[in-house]
Amino acid sequence: MKRTDLALEARELWRENTASALPPGAETETREEGGSTLEALAVTSGEAAEALGKGVGKYITITPEALLRREEGAFEAAAALLGRELRSLLELPEGASVLVAGLGNEAITPDSLGPRTLRHVLATRHLVSSLPETFGAFRPVSALATGVLGNTGMESAELVKAVAEKLRPDAVIAVDALAARRLGRVCRTVQMTDTGIAPGSGVGNARKELSRGTLGVPVVGLGVPTVVDAATLAADLTEQAGLEEISAADFGEYGGGMMVTPREIDQQITLMARLLGYGIDLALHDLSVGDVTALVG
Amino acid sequence: MKRTDLALEARELWRENTASALPPGAETETREEGGSTLEALAVTSGEAAEALGKGVGKYITITPEALLRREEGAFEAAAALLGRELRSLLELPEGASVLVAGLGNEAITPDSLGPRTLRHVLATRHLVSSLPETFGAFRPVSALATGVLGNTGMESAELVKAVAEKLRPDAVIAVDALAARRLGRVCRTVQMTDTGIAPGSGVGNARKELSRGTLGVPVVGLGVPTVVDAATLAADLTEQAGLEEISAADFGEYGGGMMVTPREIDQQITLMARLLGYGIDLALHDLSVGDVTALVG
Amino acid sequence: MKRTDLALEARELWRENTASALPPGAETETREEGGSTLEALAVTSGEAAEALGKGVGKYITITPEALLRREEGAFEAAAALLGRELRSLLELPEGASVLVAGLGNEAITPDSLGPRTLRHVLATRHLVSSLPETFGAFRPVSALATGVLGNTGMESAELVKAVAEKLRPDAVIAVDALAARRLGRVCRTVQMTDTGIAPGSGVGNARKELSRGTLGVPVVGLGVPTVVDAATLAADLTEQAGLEEISAADFGEYGGGMMVTPREIDQQITLMARLLGYGIDLALHDLSVGDVTALVG
Amino acid sequence: MKRTDLALEARELWRENTASALPPGAETETREEGGSTLEALAVTSGEAAEALGKGVGKYITITPEALLRREEGAFEAAAALLGRELRSLLELPEGASVLVAGLGNEAITPDSLGPRTLRHVLATRHLVSSLPETFGAFRPVSALATGVLGNTGMESAELVKAVAEKLRPDAVIAVDALAARRLGRVCRTVQMTDTGIAPGSGVGNARKELSRGTLGVPVVGLGVPTVVDAATLAADLTEQAGLEEISAADFGEYGGGMMVTPREIDQQITLMARLLGYGIDLALHDLSVGDVTALVG
């Protein structure tokens, strides 16, 4: 069983297992923009959803090649692209309020994408009243790190729901680490989707769903693949080596709590969390990259 | 106007302003134990409460002199004393659950006592199910850093209440930074009280009350003085210099957002937060200092 | 005795104590640029140096008003101005190597400017060989946090000297926290000077001099005032209140280890350290603000 | 090629490849003590050194089983055992000075053992003069994080040497992350050896040797395995699955910059770094676990 949270890889698996590029009821479109590749997948029918294992909705995958090569000006371009796509997916009326939820555990590097992204998200809601001359014209944005709340023993989804009921935001952005099938994708692509965060996402911990269905307002799921799990690795390794299929159970100690990551995972997640945070700020406010640096770093 | 959150200083002010040691309806008792001085104040009547500006209840002030001199074995002794007194103030039945709320903003050093204390508090609630063989026998403890929640724009007290309604703990410990009148007390005493956290506590930010009256369960307020505000300093300075009384307004820029702290405030708060965290763990579970070090550091 | 590390305040004290604007042998020039005020002071004679208590050399003080008001685009403008002035003060030949030394103790907030600035400084020296395709064209820059080295028990200046002897950089930038006379200047101005770091700078700890005289290469001192010491405060307070001069000794406990800082000192130093770090990167390399964000955050 | 830094695994590989338990010139001894297993290996001849791939000297491996099970009192016991063994390996005269070097990069979790251990090491050298009443009787200990120094572009070993030449310590303790062959050993054993740190240790980065030969004083290497490299994993996986031997080259992308770690690597390294730091403090000074907590946390 190969596990992936990426629409891109779900499509790839479909292509490997069938002769066709896409199931009926699914459409895809790819374009290059300012050093990044953007692939949009629209799942429009229940049949396509079942075939791909991805709910009905839009999935946008951005691979910021120029940024990954550390090219000049690439961060501004990638953050701006991310901001524009997120803004377009959210379709927020002026002044609409947003709750940004960072899921995951800061103490486990590959699970820390959500809380690390929040470090760069400008939470304006409490500033509007205390510093109106500076923040009066900003959209009200709240930030919630559920990992810290996780110490209360409440489920992340339950907590987002409880806080959303009090704050009544017009939309929710839920940021979480994703699992990929291929190591080559880890910390190299950003996925955003209007289907929210699906159950079983992240580094393998069951979390309840966060979606329009459970929260009553639009929920955009935003994430980056940060791990490949050991079973998926094992299956891939044997295939690549031209061996017969073997099960994860054969691998004993590797089956359970192990994960495979790039050696420089901390630095890569740091960069991706910064990109996501800046993208969110640029989507929600009219700011430059330098403004975000001055306001939240 | 001299501002203090310390029962010890409220009593001191009473003594300075009247001829008597204490108002009727208040009792005090001092003892030395293992290198610390402990002063207990009981306020038993409304008249005494009004006279002292401190609600009806018990106030325990611990000054860990041996620890402040970095004497051998002093940390174990002070943490154990704190643990015993806190346990006795809480009077918890076996297995009773506790919510520990850390108030304050981690990014402002003198306001960071609450969240820093939480770093050393063992939150067991979510561990009982995931690691029953290790944590099955522990009391369920939840930890909540309201400062991070503060990014949501909800009041700290409102959030503690919302979470307490969901979790229904049998008692709450609220940790917060306090304001002192004398610089000599900053980061040198611990105060705990069964009256909870009074409005206006902390570094001058109005926070709503956390008490048995507002939460419906026993609430112990636990804190350490971390600042003297500029107005109090100004008044004290002029008195010490034998000058006439002058008002804070005379001091222009010093009146507002300034605070006076010891030069080594970060290190001192680090030590006090560790002491409080260990004290809480020792009060709530049967652990040694080394066990706490291994479990939460 | 009023203590200041700021050329701006040295000039101010001269003006208060004499009838003249400047001593002979000193010149000043002020201009506004992109939301910042820049004051340049040139001390050209030994007499002027003695009169002002500042060595012969250039002093540039930048007050980034627009940034302090959090205006749009202000960070880019202030970082660019800082970068240009620093570049002009350094006069580096192409490819010349630089050692950036961050002085001070990260654990003491007002003394943490140096190490915090280093977090945003791109140290390229070790990257040129490991990632030549990305960093091959960069100037070799080394970063040294002496505070951590301080744990070795060697003096900061001695350590910078030892490392400089091994690395043989073409220039040194020494970043340190400064002491101001007026609270209103704390975390609001940046000073850079080609005289290096003078003895006794910073939060009152004697550190040996870092200058062309002691290191053999040009040394630029770069700093921000982060504290007013208690004695200076006391003297100022009494003056403002129209009282007679009193000495710091009158203030007992306030005289020694106390310091006065703005309530939000952590956030302010965070912003100033970011500004300094970005300014250094822009001075030493051809980068945009977004490039710096992607590379070092 | 299976890579390991562990003497325990070198012996294991010898046993797997030959019929004998140990080569001539090597001796081993195992005992249990206070919840830990201790295995001592003495390599006494050049032939044994070559056969095992481990230099002539003593290797002590401690597996703190009780601590890994989070048993009560296990941290005190394990830290005390580590302290006693380290003290015995160092054989320091009274008052002898020590330099503790933490190798590795704090930004890469599995390489962060060295710098994280330093957080818990009491650096007394600079305190003896500033706080003689508290630290006057302590042994002078200096701490050096070479990772930060790594930003200067000097080799870690070169820097330790440069600092050692200035400070002239009587002994050096070098702490570094190690590579293991088996995932089951990652973050579960501590190795100390009087042979210092061998070249090629750590997470695969070539570092020059730190030993009595290069530093002129006794050097104890202290480490914990934190990774298995991808090639070793691949070889092990295929063996376990009963497959023929295949080379790492077969695994394409997995060969290079990937590593395999337990999911909870951050927390496990945090605990191991704390254990090592406390062990060093207990070896070098007469302190209790609580004293160390109060002094360095």
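As written, the chains take the letters A, B, C and D, and residue 1 is the first residue of each chain.
We take it that a residue touches a chain if its C-beta (ideal position, glycine included) is under 8 Å from a C-beta of that chain, and two chains touch if they have at least 3 such contacts.
Here the structure is a predicted model, which means the values were calculated and not measured.
Trainee: What is the set of chains touching both chain B and chain C?
Mentor: Common contact partners of chain B and chain C, which must touch each of the two, are A, D.
Trainee: Is the number of contacting C-beta pairs greater for A-D or for C-D?
Mentor: Of A-D and C-D, it is A-D that has more C-beta pairs in contact.
Trainee: For the Cα fit of chain A against chain B, please give the angle of the superposing rotation, nearest 5 degrees.
Mentor: That rotation is 180 degrees, given to the nearest 5.
Trainee: Chain C to chain D: how many Å between their CA centres?
Mentor: 39
Trainee: Which whole number of Å gives the spacing of the CA centres of chain A and chain D?
Mentor: 37
Trainee: Among the residues of chain B, pick out those that touch two or more other chains and give their numbers.
Mentor: Where chain B meets two or more other chains at a single residue, that happens at 270.
Trainee: With touch defined as at the start, can you tell me which chain B residues reach chain A in the complex?
Mentor: 99, 118, 123, 125-126, 140, 142-145, 148-154, 158, 162-163, 166-167
Trainee: Where on chain B is chain C touching in the complex?
Mentor: Within the complex, chain B contacts chain C at residues 107-110, 182-184, 203-204, 230, 233-234, 237-238, 240-241, 243, 246, 250-254, 257-267, 270.
Trainee: Okay, in this complex, where on chain D does chain B touch?
Mentor: It comes out as residues 67, 69-70, 72-76, 79, 134, 270-271, 274, 278, 286-291, 293-295, 297.
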